[in-house]
Amino acid sequence: MPAEQIEGKMTDVKTKAEDAAPTGADPLLSVSDLRIELAAGGDRIDLVSSAALSARRGEVVAVVGESGSGKSLTLRAIAGLLPVGIEVAGGRIDVDGIDVVGADAKTMRALRGGVVGMIFQEPMTALNPTMRIGAQIAEAARAHGKLSGGEAKARAIELLGQMGFTEPERRYRLYPHELSGGMRQRVVIAIALAGGPSLLLCDEPTTALDATVTMKVLDLIVGLASELDLGIVLVTHDLGVAARICDRIVVMYAGRVVEEGSPEELLQYPRHPYTLALLQAVPTRESTIEQLQAIRGTPPTAGEIPAGCPFRPRCAFAEPECAAPVELAEVTPGRVTACRRQAVLAALEERSLA
Amino acid sequence: MNAVGGMPPSAAEIDVESRTPMRFGAVGNLTRGALGGNGSLLAGLIILGTLIALGLLAPVIAPDDPVKQDINNILVSPGNASHLLGSDQLGRDTLSRLLYAIRNDILIALGAIILPFLIGTLVGVLAGYRGGWVDSLLVGIVDVIIAFPILVLLIALVFVLGPGVRTIIIAVAAIDWVVYARLARTSARREAAMEYVIAAQVGGVPTRRVIVRHIIPNLISQSVVYAMSDAVLVILFITTLGFLGLGIPPPAPDLGTMIAEGQAYLNSQWWLAVIPGAAIVVTALGLSLIADGLAQKLDAR
Amino acid sequence: MVYARFLVRRLLQAIPVVFGVTIVVFLLIHLVPGDPARTALGTHATPQAVAQLHHLWGLDKSLPEQYWLFLKRLLGGDLGTSLRFQQPAGHLVLERMPVTLWLLCYATVLTCLIAVPAALLAASRQGALRDRIVRLLSVTALGIPGFWLGLMLIEYIAVETGIFPSSGYGSGFLGHLESLFLPSLTIAAGIVPLVVRSLRAETLKVADADFVTTARAKGLTERRIRLRHVLRNALAPSITVLAVNVSFLVGGTLVIEQVFSLGGVGSLMLQGIDARDFPIVQAVTLILALVVVGVNIFGDLVQALIDPRVEVR
Amino acid sequence: MPDNLLEAKDLRVAFGGGRDIFLRRKPTFEAVRGIDFHVARGEAFALVGESGAGKSTAARCVVGVQRPTAGTVTFDGKPLDPRKDHAQRRAIQMVFQDPQGSLNPRMTVGTMLVELLRLNGLVDSRPAARARAVELLEMVGLPESALDRRPRSFSGGQRQRIGIARALAVEPSFLVADEPVSALDVSIQASILLLLKRLQEELGLTLLFISHDLAVVRQLCDRVAVMSEGEIIEEGAVTDVLHHPRHEFTKQLLAAATDLPELKMRTPAAPDVVSQGKEPAR
């Protein structure tokens, strides 16, 4: 797709976000200094060592990173859905004024589904195979808000209709295995919305889907965000998906946030060498193989993350000083990076603009 | 270069966040660490090892001849100087009979599972890998034999063949192989569909070698684990046959026969039936623990 | 109705298996080393008697011919004539069937009553003390020989406390319920460990499934998640395990009937063995195999009702 | 010598079929519904489509692990039958999608390579096989020490390199690559693509490339055929198809692609920024 079209799309969404800005002066979601650890035997392994994230109502924020970057764990921590053995070891998570890290079980139940809806990667496995799809949606609706069985059913049918199901009354009675992957993902979205949440967390929602289906599902999610004034956090490894639908991109590497900014700025003028290297390594339909540059080395394994800047061993810009710890710092309004050498990147940006 | 020296724990283990759906189970295994199956395995090996050692050494350590009758000393209570565990209704030394019975039962059980293990696994792998009519035929045979209650068919077979150690081994093998065959067939079909097998075929590795070098090593451990729990069943079958008078022909000692003979004296000489029963339970427990431990080790991989 | 059609289809699919079963049962008598008629009648039988039995059993014909006759007789409901009782073997088996069926059903119910709570308790926290205890108990129980457990229960429960009778079938529903409690418990003890193991593993597997995370993300209570989402999905495979293990249950009844002196099909078979009564042994083997086939079909049906993914069409 | 190394005419593959125990016909599913394509010597040709389009099934026919139900395929002018024809089997090799499942977990890399080299009579002694295996590993950017390790201990990208080394071990002229980068992390993809490109040029390989990703295809291939529901709906030079799609489905596919805006800031090629497809020290 020509780049203009993408930019057009992005500005569209942005205007919407700006419209919504007044209502969302206070961030709906704010995550700071989040640390997540795996307790293995006596050892504790850092999986996420510093994650910071915020989202306002009506805003779509993408968290981008490769496998092992800690993006999915960060997302799950927000809903208190970390796997057994993995826990939050420090930092704060606030959702709509609720302190998630310190919350008791009852608060968390009210939060899940009621304040935070979640969409998963694998629509094949995210639905209960022995339960009708309608019942699964209705159940989510009944868990929040006092609905009778009939009301919950009506709500589920209404949601199915909103998700683009024709004849929702009839589809209500289907089982997950009777639906295609894209349709199942719509059911998952309906479940996530049934409790009337204000924040929608999406964990690689389109990775398992074909490209044409991906687009439809993404459009549906973005449409809902503006219609219902939801905040959306979308975790993906696909920079293209992030570029296409979000207002802000947060890049994670080795359990840390390394850069954050608007898609236009971040994807065209990155201020962290990892982002830059990633962009140079992703083939596009306009680029040729001569322009493609591999990143040397492999992403570090959890528990083996180098001290200082974690990208240092793979970085083309690294200097000895990069071995010292580095903090996220704002470089221009709305742009944050965790790189000591960002001045070099800024100079490169100057040069390309000149 | 990370290739030099040991690799860190493979990425797949700690990498809880991959493109594949998050596997909570894998994390669970990791957090439990090495505690897993080693405890069971060790306990099982100690129990079974002790029993096998006792059985093998029976000719040396048994205080008496297990079939020697002593009419003057019948139904002696345990603790007696010449009969440590007492004697039975024919004055035979219980301890000696017990040791020989353990020896006989364990040896027959192990003997009885080796044949079906080998035949069943081989047939199952061939049928599963080749598919076609051979496979259909195997599935048919398996379905028919599985339809019988195992013990009933076993008793019927032993009955028509006439009692004896050889009969027991043949009868167990004739029935039991289908279970190994079914297990190996399923695994072989799964492995044959794996890309590494296709890659070997594409690379020109001949079929026989694909089966022997690629498929069998990847499924055999599962069959071994099954064989251990199967041994429990076979021990139970053998002693049941003995109890029903269809087992090892008397006077050779067998735990089931000992229980059958002891049941008449349960209210006076309880040990005659209780001790051999406990010996069966302990033997089976040893085998089950080994199976359990092996299965957990296998799972962890 | 789809389930009726599913049932019919499963019954039709069982035909080849039943056919195979008849072949095995038919061949049993030909496995006897030497002359089965002479073996059956003992060494003192007159040559005329042996020849007569030869003719009666059709041993003077070719194997396929014999099988054809055997099959024709079976289809006519004739399972041979017992040498000892001089009665139709089929009739004898059916007469003893109620006790055996009672035992089977009773044992199945007890199995569920013990295994389901035990498995759920163990799976409620993997690796916790209760999990370890349940696992150790079931590993141990797996190796207890049924006949021995039966003897112990008779001696130390029935005889000493007198709460349950040590033998007999009792009369009336409640009488059966009381009299058959210990034997059924003994039979159940043999397969409870297998069901516990399977249900525990399935429950843990399902508890890790993505859709349970979805359920949690809905904000449901843990109780509802366990009952509505975990249990139902874990149950279906365990029902298969139970159905497959009916084979063990049936084998168990045979010995346990003997221990508790119950006049069921199993003790009939053992009587037949004592009397070298081949037709009885054949008839019992055949009918018990048919029971297993039937129970497996029933298990499939239950599974189809629980799990919509099982194709019923 | 024919120009087209591989030619497929009216290739069809159906699954299922046969009869059940009541002799009723089982339903069949036609994964490939009569496709024609050809791959010229030295060319890189791609089959593109969404999941279930039949592209992988077609690839499996070419390497002989799937029997076509109908149609003719010729390789180098002769009917294709890699199962029987030893020379063909050696000439056509495959790289798989899943770098995990395509390596035998119980075999070291060395054992695997030596097995292939010896079975195909490419070396006459064990030491020679080992030496050749080291060469192969070097070719794909792995050190000698990889020989004695099992697949488990490698990262996804390294496993894919091993998979490529295995395919090259028997010295093929035609390489089938079935989604070789789609299971890999973004930062690893580029190095594998660069490696494939380099090897194709250095060894003069003909390439049949299977992918769902048009951007990836654009990097490696000259010509592309778009598949949908078992049929080829459009075929042509990659740039043509990308910029002037004719078929409605191709247009949809292009519209749906999530591409990046152009990176305005390209770095000057720093000497230590590796671009040759080798994966140096981490």
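Order of writing sets the labels: A, B, C and D. Residues in every chain begin at 1.
Definition applied: a residue touches a chain if its C-beta (ideal position, glycine included) is under 8 Å from a C-beta of that chain, and two chains touch if they have at least 3 such contacts.
All of these numbers come straight from a predicted model, not from anything done at the bench.
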Most centrally placed chain - per-chain CA mean versus overall CA mean: B
Pair joined by more contacting C-beta pairs (A-D or A-C): A-D
Farthest chain (mean CA position) relative to chain B: A
Separation of mean Cα positions, chain C and chain A [Å, integer]: 54
Whole-Å separation of chain centres (CA-atom averages), chain A against chain D: 32
Centre-of-Cα separation between chain C and chain B, whole angstrom: 22
Chain D, residues touching no fewer than two other chains: 155, 281-282
Shared interface positions of chain B, touching two or more other chains: 2, 11, 19, 21-22, 24, 28
Sequence positions of chain A contacting 2 or more other chains: 67, 120, 122, 125, 237, 298
Residues of chain B that touch chain C when the two form their complex: 21-25, 28, 32, 35, 40, 140-141, 143-157, 159-162, 229, 232, 235-236, 239-240, 243-244, 246, 256, 259, 263, 266-267, 270, 273-274, 277, 280-285, 287-289, 292
Complex contact set, residues of chain C against chain A: 209-211, 213-221, 228-229, 232-233, 236, 306-309
Complex contacts: residues of chain A adjacent to chain C: 79, 81, 109-114, 116-118, 120, 122, 125-131, 136, 139-140, 143-144, 175, 177, 188, 191-192, 194-195
Complex contact set, residues of chain D against chain B: 63-65, 82, 86, 89-90, 92-94, 96-98, 100-107, 115-116, 119-120, 142-143, 145-146, 149, 152-156, 163, 166-167, 169-170, 183, 281-282
Parts of chain B lying in touch with chain D, wherever the complex brings them together: 1-4, 7, 10-12, 19, 194-206, 209, 213-214, 217-218
